[in-house]
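The same subunit A turns up in both complexes below, where it pairs with subunit B and then with subunit C.
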Partner chain A sequence: MLDGLTLQRRQHPSRRLTFGSYAGGLAAGLGLSAVLLLIAGVPPDSMVDDLFTQVFVDPGGLAQTVTLAIPLVLVGLSSAIAMRIRFWNIGMEGQLWLGAIGAAGCAIHDIGAAPLRLPLMLLAAAASGALWIAIPLVLRLRLRVSEMVVSLLLSSIAFLLLQHLLFGGWRDPANSFPVSPPFDPVEQLGLLGFGNVHTGLILAVAAVVFTAILVDRTRLGFQATAIGLNPLAARAAGLPVAATTIAMVLLSGALSGLAGGVIVAGTEHRLTQFIGMNATFSGIVIAFVARFKPAGVLVAAFAVAGIYNAGNTLKVFYALSDGIVVLIQSVVLLSLLVAQFFAAYRIDRVRGVTA
Partner chain B sequence: MIDRAGVAAPVLSMRGICKRFDDRLVLDHAGLEVAAGEVHALLGENGAGKSTLMNILTGVYTADTGDIHVGGARAAIRGPRDARAAGIGMVHQHFRLVDRFTVTENILLAADGQIGLRRASEAAAALAVTSAELGFAVDPTARIADLSVAERQRVEICRVLLLGARIVVLDEPTAVLTDREATSLLAAIRRLADAGRSVVLITHKLREVAGHSDRVTIMRQGKTVSASLDAKGLNADDLARRMVGEITPPERRAVVSAPGPDRLIATDLTVARPDGGVGIDGVSLRVRAGEILGVAGIGGNGQQQLADAVTGLAAVTRGSVSIDGTTVLPGGVAARRALGLRVIPSDRMASGLIGDLDVADNLALTRVARGRYGVAWLQRGRMRQDAAEAIADHGIAGATPTRKTRLLSGGNAQKLLLARELADGVAVLVAHSPTRGLDVKACAFVQQLIRRAVDGGAACLLISEDLEEVLALSDRIAVMSRGRIVGECTAGSSARDVGALMLD
Partner chain C sequence: MEAFVTSWLATLPTFATPLLLASVGLIIAERAGVVSLAAEGYMAVGALAAAAVTLTTGQPGWGIALGVLAGAALALLFGIVAVVFRADQILAGLATVAAGLGITGVVGREYVHQTFEGVAPFDPGMLGTIPWIGPLLFGQDPLVYLALAVTVASWWAVFHTRFGLRLRAVGEDPATADVAGVDVQLHQLVAVALCGALCGLGGAYLSVAGSSVWVEGMVAGRGWIALSLVIFARWQPLRAVLGAALFGGVEALLPRLQAVGVDMPVYLGAMLPYALTIAVLIAAGVSRVGATAEPASLGLPYIRQDRR
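After this line comes the complex of A and B, so read on.
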């Protein structure tokens, strides 16, 4: 049936076409999601209200979405930075755990003077994330071990480390759940006066600006792009492949670590077991939809946060399972990726085929 | 015994085969006739059309025009299945075996339910018979990954025979073998022919043509230039002349500057190939300022490894390289480029340019590496401005600083590459097949730029499988075969002299 059809890469995809296919993909994804939700038992008349108004328009809901978006921006950037240099970081969740542990460690042990505590916590978070990604990085550079396997498995190890701390030395004696003691006010990110939105938002936006400049305007970013697109040509041109890879990959780990730090210092105010946010999956989704562009990450993270937020509503009001929420996220993502594909390729019928 | 002079009616006859890829005529009324029970050598330079002709025979391509007769009847070969049904099998240079499967499993996979080859026991028994006929020992339970190259080749040959091939095509089978292995293979090939099968032996080696073939067909530029010559009584000179044609001696440039001091010295360079075969083995050469040293040879005789060893892309197991007296081993590409090494790679889009980057980015690539557009901050404006100048200077058609490089034609992409590599401070230029795939005009332009760089004092190592190009450009010519420099000729040597060395 597919005989005689070929895929042609579009030479100059126009802006209108690109935008149009994105919009079409999004519409198709949302349409399919609506059908899934109907099947799952969500009444049609309240769907728009639950899925859109409550998430993006209503002030309380919007604040919730923005708060959720803050760490998602950071993990999205983390994935985008690693992907630019074709380093498959699929252990962002592990780096996020380590970041949370690093920040919580500073807070619990009261490291540094009070005014410096918060910056130290965030620094520790970033450093811990970078440390965690350094393991797959070294193994890949030295022994050519696939970073995919190592970074993924290290996520599980990070989670076990977290549990070890929460059930052991860092457990709050005053709490029957395995959580750390709450942080002091000086160890918490301040609120911005809009729901639970905290100063981590400024940090996230700053990270977007920083990575955007890094990627587009600096020598390091240029080298990373070249290496990602054609490592052999980059090496043959004399680009410092190893140094550039190290810098970008450590940055990726640091961003995921920072996400962990922002979650514990900004919203949880203590270390708990439930802050992972499915970071690996979310980060990859956001980075791909944003086509690895930092500014795009900002938008995509906001959208994904909206889906999470809506998912929480659905879970509470209609007793839907986590599975449905993940399914809807996946449907929207797949639709967007298919749209991206058709923006870049055209299907043609081969002319003059003879038997 | 079958008459080896080929009086017997041909078992295979290909006539008037034409094949066009896009605008290029790769086969121009080519033909081949093979008798039953003979070993027929097929000889020709790279790009002469041997592989295309054999790919048509085995159903990989279909011919635009022409007839194929097998056993006297017209055979319509539209795909690999038809070729197999017609009793035609081919052993490719790159084996088509599943590494993780055993020998028997590979045969079962290829047999695809053929009667008599449906069970492992059947396949193992049939393999035992066939391998014994050929004088091979093949362990049916061995995994392919554990076999040597020679052993894998034996499996390939047995497989082709088990699938019923009466006509067996072997593509440069001895290129990957040691001398002893080659001798044993050639003996097996003779046994095949003696048993009544026909063998087409694609080869570059004179020894195999003269000593182990019955007849020889020579191709050049898509045409069959000598059909079914008796292999006995042919000498190297004769074959080389027929293979490369009469190349008119190139015009020498008017001013022959006296070469200066040594700029590039390579001593005893040895590089292993990833598959364990010989890459280059003890290559020593020196190139002086103002001089082009041409390295001629049939493709796949170590040219890529030589280029990679000199430019710093390949790990060198032994030997040294120095540029202007500075030893650059160990050391990567960047250190060599800082000393003035410039490179025109054989595949410009694989290791020279980055197709998905803008033209300006590609022009700036090596200078960014050296920090010329800023240590941390990138001077994008200056990059674009320099790019606009380079595009104008070199007449790179279809290029703007912000256009994607992959959209350029081959000739213009090559101009872009040269504009970058020859822009400044060229001490040593390694040019590997710099005009491959270019039209006449672009060729001339590229050669002129290389010449100009050399006249400006650079030393050029020109590695090319295009003998005509080597003869036209070089001041001295080294000939490479099986990873070694087998001889050196002076400028003005005839194609025949160089060609004879290439066939060694």
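After this line comes the complex of A and C, so read on.
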């Protein structure tokens, strides 16, 4: 097909071209999303108001967006770190569930003295997330089992475990819905005085700074980048491939677990079934839009949080389902993937003969 | 005991058929060197399209046809991104899953929880009284037999036709296939579309034959299980029957056990198919199936100018 054209892989795409294709892909993705919303029956004038002003400008809406962004920053970092070392973590949602379960377990069973409770809950969340990713990690390192499907299926198992707990031992007898009892005040992250924004924000920003330093300034980060770019060359150069992979992948799981802990301790104040936020896919989209850079994750997570926030409005006023939020993210990712093609290859027209 | 096993075997194909169709579709795509992660998405659009058309026209046949087309259409979108524009197949696949689940979430609101008259199983008559296997062999719906026929046809097409030879050549060594005059991208696109069509049929089975209703999330990870069945089947369509029967058997066992009053935790029992999938992947890892049976160029985008 397309025999009249040949593709040349560009050795060093220029900065302008890389940026241009990225900006073009992003613009095309957002434009296509707008068209989809029009088709779905959202009038153009309300698109600016409901999807931009109400979400990023209006103080109440902005506070809601920032609150939603807190766990998204953590799963975005989780995805960026795993992708940097070419480990396909597509089970971030499962690690998030496990993190939520770990934190809720500490709260429900009153583990530790009251002043230590909150740090313990967050520690348990991170440890549970790391534990959940350790399964595909071990299988890949020992048996070369693809981490992709295993981590994804573990998400389904994690969700069933959550349901087992919420319909069983952890169910709040005073509530007709399957939710855990509410957490005590010492088990909740404090508010920062801006809507529902809680101290998890500080944690998320600290995680961004931590991973930025780790990735750009430390030996471990450098080794991880080298392994991600070319594992065979890294091994030949004597880099500790296994140890580096283990460290980065466990960190990825811990960050997703922490996201679960932050949601239950900061927003929900109890364990519920509705905190998954499509974490796996959103995390991948955020990491990809951020070009796998921690600082970029902060911006991308904020933008995706805006889509989630707007999605809630669309649900109420235009009877659109949550699916629209996933669809918009998918369209943006597909557009960016296609746009990359134009930076990665030079397209030449062949005259007369076919190559 | 005999009654229990007979009724368990009778319901097994209902659970196995969607897995079989999806894994045969995935085998075709992977034989052409394309990792099409989006089976879950293709099945989702297939299930909704089939249910929606059956609800509006009252004709399950049209519903199934549209389910097949919807799966193929979504697969072509993936094919354009991954094959024509050479995007990372895994990221493009994940984005396509999200597209399929997102579309069904938005469009499906009008059709959710509405029951309809789907495809009914054949009446086995006297043959159904054969102990153990009577209802299993003769009391299934037409789609079960169709799925088996499709599986055999796929095996024949992949291993005994010129098209299949080219398909496998593209998956093993696209550069050589290219030199031999095989259009690599065209074969990959056709394989991806066939994969989408079969997954769409599998999804259509779920709504039109399996349950006669559409609900969001009804595919419930079957696309991912099918992806693992490909490894279990060593990329052989006929071996996929075995894998699908194994998984269908486990899935069919749970409602049967509940029916005879075995008390077990529902949510822990529901983990079983997923845990079994992981066990199968571990077994495949131990026996190093991937290293020997996997198409050599699986997942790698082909650019003629990179040829060595």
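Note that in this section the second predicted complex is superposed on the first by the 319 of 355 C-alpha atoms of A that agree within 3 Å, B and C clash if a C-alpha of one lies under 4 Å from a C-alpha of the other, contacts with A are read in each partner's own complex, and residues count from 1 in each chain.
The rule is short, and it goes like this: contacts are C-beta pairs under 8 Å (C-beta built on N, C-alpha and C of every residue); 3 or more make two chains touch, one makes a residue touch a chain.
All values derive from a computational prediction rather than experimental measurement.
*Asks:* On subunit A, which partner's contacts cover more residues, subunit B's or subunit C's?
*Replies:* C
*Asks:* For A:L229, decide between first (touching subunit B), second (touching subunit C), both and neither.
*Replies:* First partner only, subunit B.
*Asks:* Looking at A:L239, would you say it contacts subunit B, subunit C, both, or neither? Reply first, second, both or neither.
*Replies:* first
*Asks:* In the overlaid three-chain picture, which partner chain does A:L220 touch, first (subunit B) or second (subunit C), both, or neither?
*Replies:* first
*Asks:* Let me test your reading of the model: by the given contact rule, A:I90 touches which partner, first (subunit B), second (subunit C), both or neither?
*Replies:* So A:I90 only meets subunit C here.
*Asks:* Tell me which partner A:L333 touches in the superposition: subunit B (first), subunit C (second), both or neither.
*Replies:* After superposing on A, A:L333 lies in contact with subunit C but is clear of subunit B.
*Asks:* Output check: A:F194 vs subunit B and subunit C. Expected answer is one of first, second, both, neither. What do you get?
*Replies:* A:F194: touches no partner chain.
*Asks:* Touching subunit B and also subunit C: which subunit A residues?
*Replies:* Comparing the two interfaces on subunit A, one with subunit B and one with subunit C, the shared residues are 355.
*Asks:* Using the touch definition from the top, list the residues of subunit A that touch subunit C in their complex.
*Replies:* 1-2, 6-9, 40, 88, 90, 139, 143-146, 148-150, 152-154, 156-157, 160-161, 163-164, 167-168, 278, 281, 284, 288, 319-331, 333-334, 337-338, 340-341, 344-345, 355
*Asks:* Which bits of subunit B are touching subunit A when the two form their complex?
*Replies:* Residue list for subunit B touching subunit A: 78, 311, 313, 332-334, 336-338, 343, 345, 350-357, 361, 365-366, 368-371, 373-378, 380, 407.
*Asks:* Could you please specify the touching residues of subunit A with respect to subunit B in the complex?
*Replies:* Against subunit B, subunit A makes touches at 11, 217-223, 225-226, 229-230, 232-240, 355.
*Asks:* Would you tell me which residues of subunit C are touching subunit A in their complex?
*Replies:* Residue positions touching the partner: 37, 77, 81, 84-88, 90-92, 94-99, 101-106, 108-109, 183, 185-186, 189, 216, 220-221, 224-225, 227-228, 265-268, 270-271, 274-275, 277-278, 281-282, 284-286, 288, 290-291, 303-306.
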